[in-house]
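Read through the structures below before going on.
Both complexes shown next keep chain A, but they swap its partner, so chain B is in the first and chain C is in the second.
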Partner chain A sequence: MKRRSFNGSALAAAALAATGRRAFAQGQAFNWRAHDGQTVNLMFNNHPWSQAMRELAGDFTALTGIRARMEIFNEEQFRARLTTLMQGRSSDLDAYMTLTSREGAIFHRAGWYADLAPMLADRALTAPDYNYEDFGASIREASTFGRQVVAVPINQEGPLFYWRKDVFERLGIAEPRTLEDLLTAAETIKAREPSQGVWAARGIRSVVPYALAGFVFNMGGSFALPDGKPGLAQPNTVRGLELYAKLLRDYGPPGALNHTFTQVTELLGQGRIAMTHESSNEFANITRFPNRAQDLGVKVLPPGRESGISKPVAIGWTIAISAHSRRQQAAWLFLQWATSRDVQGKLVRAGVAPPRASVFEGPEFNAWASEMPIRRAWANALIELGRTGTGVYQTPTDRIPEARDLIGGVIQQIVQGRATPLDAARAADTELAKLQ
Partner chain B sequence: MARARLSSSFHWMAAPAVIFAAGMIVFPFGYAIWLSLSDVALGADPRFIGLGNFARLLADEEFWNGLRLTLFLYVVSLSLQLVLGTWLGLLLARSRSAQGLVRTIMVSPFMLPPVVVGMMAIVILDPSFGIANWLLEQAGLPPGLWLSDPDTVMLTIAALDTWQWTPFVALIVMGGYLSLPQDVFEAAEIDGANGWWRFRRVTLPLLAPTLITAAVLRSVDILRFFDIIYLTTQGGPGTASTTLNILAYRRGFEFFDLGYASAIMVTLSAIVFGSVLVFTRLRRAVTW
Partner chain C sequence: MVMRRLLRLADRIQLLIVLVILVLPIAWTFLSAFKPRTEVAAFPPRLFFTPTLENFVELFGRNDFLHNTLNSLIVACGSTLLGLALGAPATFAISWHRMSWPATATLFARMAPGTLFLLPWLLMFSAAGLVGSHLVLILTHAVITLPVVIWVLLPYFDGVPRELVESAQIDGARQDQILTRVVFPVVMPGIVVASILSFVFSWNYFLFALVLSGIETKTAIVASFNFIGEGVTNWGALMAAAVVIALPPLILTLLIQRRLVGGLAAGAVKG
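Presenting the complex of A and B:
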């Protein structure tokens, strides 16, 4: 098995090298081996993508002669180390993962991103078959500030609704078609099978908005008023906040306010809960648990009953080159290779949803998705995320992490019974206005 | 003359180490003070704003909440560790059976990296699938929310710190007790002093310098306690465990407000220095 994988990798590397050689022969100066012998330092967040990169890095070295030295940290440590290195203007770091929908504006203003636009436009630096336009327009826009392209996408993701089909069938509950059906289903499960856990979702305030936003949007709410001012106290937004908090408080596990995706995934994987709204990224982890690939259903969060709106959160991690790097061209080769059609095709099997349209619609991805009904459902949900999703799920501000923290704080206040949904929303609006 | 030359060359030889140590301590701390007096926008050079960040502290409810929690943790953990550590240390000093084994077991909690303790706490104290609640259930007691309840989270964290570090205090106390002149205890016994009287009037005064040393060491650690809180609660639920360390970390690395985060840390450092100073003076007063 190992040998076959090595041969496959070697063949892929040879094919990519051949592409490079062909391009060179056709008179273009692009050369995959232009920086042969160099080492690029990369820093990644712990993510299915980065874990897969670690395994595939040998292919990159075989193709380019460049050694990729990777550091992978959990998200908090990753951000702390990145801030320290970049604030110190360290030239040691060449490329890093970044969530442009979260920190893009701040990092761009700080001058931490190298501009990729000139490299993309330079035929000597960019492989002829790279095809940047293959990434969807909205995905590209999320990493473009003014005329500066700050990063290239490595995945696409968003929260999805996972539910235990077998539990629903056993208790005679229909598949939820509207957001309000979730509450009805929760009530029924709790009443008919008290030993079955019902619901789990993120409770730590900084990570709540990712899972919460769909509830707000689908209820017809929004985080901002039409004039851009904070709008959590709008009636439909309050209804969304209330529903999320009610599910967590009345049907969630004890201690839910300290939970993030790790606990939620574990609870769903172990079969302790019947429903959740958690990241599409966790699909691979969840379906690794026994029986979950067979008994789970997955789709985008159902629309609100009255609003009919379905507007999920859709974001994507990206990879950027440090503005302080002295090996930007070598790093650019890594970025091209890592986001190439060939590599993205391989990453699908690691549960990484490809941001390239050609991979998403390609035969390899389709063959993989067709192997199991749940994979097809997951793929369909991702298509819908890409079609209808938004990466903006806070009030307008550059200080996005703080804004999301305040929004998550509203849910914590409601769940703890320290404020009514309306009072908590009003208080948060006052604080959010200070960030604008 | 030769003696003076020897002394002079000794100073020269020690100089690199002194300069290195000073650089490693003075520079980072000086830089933190400079940052605390600056507005630090990411990617830009710090801009001096005087005491602006400290003025912000005074008006920041989260800072006062953090200070209250930090001091609560300090008082509860230190008191518990000193009381339990003294009791355990004296017990160990007088115990004659299986001394090696008992002392090895005692040492093990504080040999554990904080990450391990934090992960253990997450697994054991999880209200859904933790063993702590299962044990309570078996004993017919109501389950606890431990780290998930704003009313109990700080007590739980204090208990975790106490579990890990009481043996450390106990070992210091045991060492101190064993080094005391035993004839004083014998004299007190001959004079008819009972156990409690002996402890209060003889053991405790003699052990006071040792206890203050333990208190200084633990004070510094408790006041800068960060890792286990961050691992288990990230400062939550809500802000119920957002001590000054957690607040500074979040401000600095999550919200990129490095000047303000430095002001918080400089304030905390002043509290640490203050507590060490108090204990040092106290130690002088009780030295016999």
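Presenting the complex of A and C:
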């Protein structure tokens, strides 16, 4: 019995290896088994991408003979462990997920990224069909510092506007076409159906800017003046800050300032709120709740009424090789495989929006999106994110986490009534200037 | 008479309030571990539901939580034994010679934030090739268990009559015999209490294991955080993990609760 089971496993592994090889048939001349028998240590943030990677890791081993050991941590713990290992110049870690739009400048300056540019240029190290240019130019630029390519993209994401179509229909509210319509809809829901929760969004200061930035940009505002100095006190920026804070204060749940995606997603999934502005990554999680796949609408945040501007936040996680790794070439094989067209096509079903244009426009993604109207809406919203989005949503500085913390603090002060929007913005501008 | 009844009623109400505050979150966690993941945060909470084991399947089937729990067990037992091996003789010496500074020094080490130790330890243990091993976690968790052992045992050792030790010395007992055959049996209730408290503190300690453990040695408390993440939060599995993590300390505490209460109060009043 044991022998039969072993034979079955062996056959399955052989079949898997064959499938893997077929998938990379175009790159037959390329030697995927150059580092057969090695083990690469990988550290990932807990994310739909990394969970899907865990399921697919066997395919990588079958193709290359390399064992991929994955550690997955919640984002806060992930950063704590990653920075400690990197500060300790640990060679145990070979590759890790990184949000280059957030920490890229600091990590690059600290020398924590291996340079991928020479590997990309080396035909012996990079599969001929890898096609790095398949990633959009803006996505590639976000992970390029000077001439150094520090990481390759694994997904694209951004905050999207989710709303309960059934609640809107029941109360005779039209689909919001402008940012100001959100406030009108909130007023109507609260007045006509007091038992229905209205709005929820991120309130913890460090994570507020991700959801807030769309409000600022769409109102015609910006976080910086034309000369690059902090510009939160500009009139249109203040209007954006004010609207975000007002929705949270007057229509948000109790304790909203302690909320992040975990609470917001639960509230929307449970049907306890009618609207939110939350990450595209949460789509799969939200639609897992009963009825949400049928009664939700999703799109990018509507443009400002007067400005007509729609400028969403669009970021993407990437994967980098540690500068201290002793197995950089084996790790590079993992990066190539994980970001290949074939693997990204498979990840779509796990709710991971692919950063490769060929996958996004490909038949697999379209077939998946066509199965349900809400998937199509989500896919369209992601296309728009890629087209019009920006990954810069703070004043210019290398100390991005601190800057975002200060911007989030403005919202907290307004919601708590400790300062007027203008006063809070002016005070934050003074502090933000110190980070430049 | 009426007054006495009213006071008794007030007592019961107070007890009920305390019970609700203490027991409700535990009961909520326990029930949630058996709910489908989308029902955990349902409002109002559902008391009657069809229980499911899907969260435990996620925990032990899709994740290697059993392995993580075994790691926790190895580290907590190892660091408790190490704490006792070093702490019990040290406490005897501290008590016998009436020196308080060594005990105070261990307390300072315990009061210092864990982050203070992390980077030096990482560099030190990396150079020794120990990072990712059970040994490194046992050694570092001794920083937690050693002060607990010393401070719990100190009143017990102080309570041992000096004449008892002197009689053993006169009878020709060696130092180790005095300690193991005369003193330790007398302070055994304290050793039990110190062991339980050390085990619980080490079992629940998060930071050192987060940085110094490896893939194969990740402890349960660190692994439990993996059920939270953007797009992948699974409250059901997290609640199931919380139940599994809470069980060993809970069982230990229930088993020795009488001794624990007596032990914690020992030395509070000296006559």
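For this structure, a couple of remarks:
Quick note on the criterion: the second predicted complex is superposed on the first by the 406 of 436 C-alpha atoms of A that agree within 3 Å, B and C clash if a C-alpha of one lies under 4 Å from a C-alpha of the other, contacts with A are read in each partner's own complex, and residues count from 1 in each chain.
Following the convention adopted for this analysis, contacts are C-beta pairs under 8 Å (C-beta built on N, C-alpha and C of every residue); 3 or more make two chains touch, one makes a residue touch a chain.
Just so it is clear, the structure is predicted and the values come from calculations on it, not from any experiment.
Once the two complexes are overlaid on the shared chain, A:R272 sits against chain B and chain C alike. By the touch criterion defined above, A:N41 lies against chain C but remains apart from chain B after alignment on the C-alpha atoms of chain A.
Judged by the touch definition given at the top, the superposed model places A:S370 against neither chain B nor chain C. Look at A:L257: by the touch rule set out above, it reaches chain B but stays clear of chain C.
Of the two partner chains, chain C is the only one touched by A:F73; chain B is not.
When both complexes are overlaid on chain A, the residue A:Q87 reaches chain B and chain C alike. Once the two complexes are overlaid on the shared chain, A:T430 sits clear of chain B and of chain C alike. In the superposed model, A:E282 lies in contact with chain C only, and not with chain B.
Of the two partner chains, neither chain B nor chain C is touched by A:Q294.
In the three-chain superposition model, chain A touches both chain B and chain C at residues 80, 87, 270, 272. Across the interface of their complex, chain C is touched by residues 41, 45-48, 51, 69-75, 77, 80-81, 84-85, 87-88, 90, 92, 261-262, 265-266, 269-270, 272, 279, 281-285, 288-290, 351 of chain A. Within the complex formed with chain A, the residues of chain B that make contact are 40-44, 126-129, 143, 145-148, 150, 230, 232-234, 236-238, 249-250, 252-256, 258. In the complex of the two chains, the chain A residues touching chain B come out as 76, 79-80, 83, 86-87, 106-107, 109-112, 197, 203-206, 253-258, 263, 267, 270, 272, 399, 401-402, 405, 409, 412-413, 416, 418. Within the complex formed with chain A, the residues of chain C that make contact are 37-38, 41-43, 118-119, 122-123, 126, 131-132, 210-211, 214-215, 218, 222, 225-233, 235.
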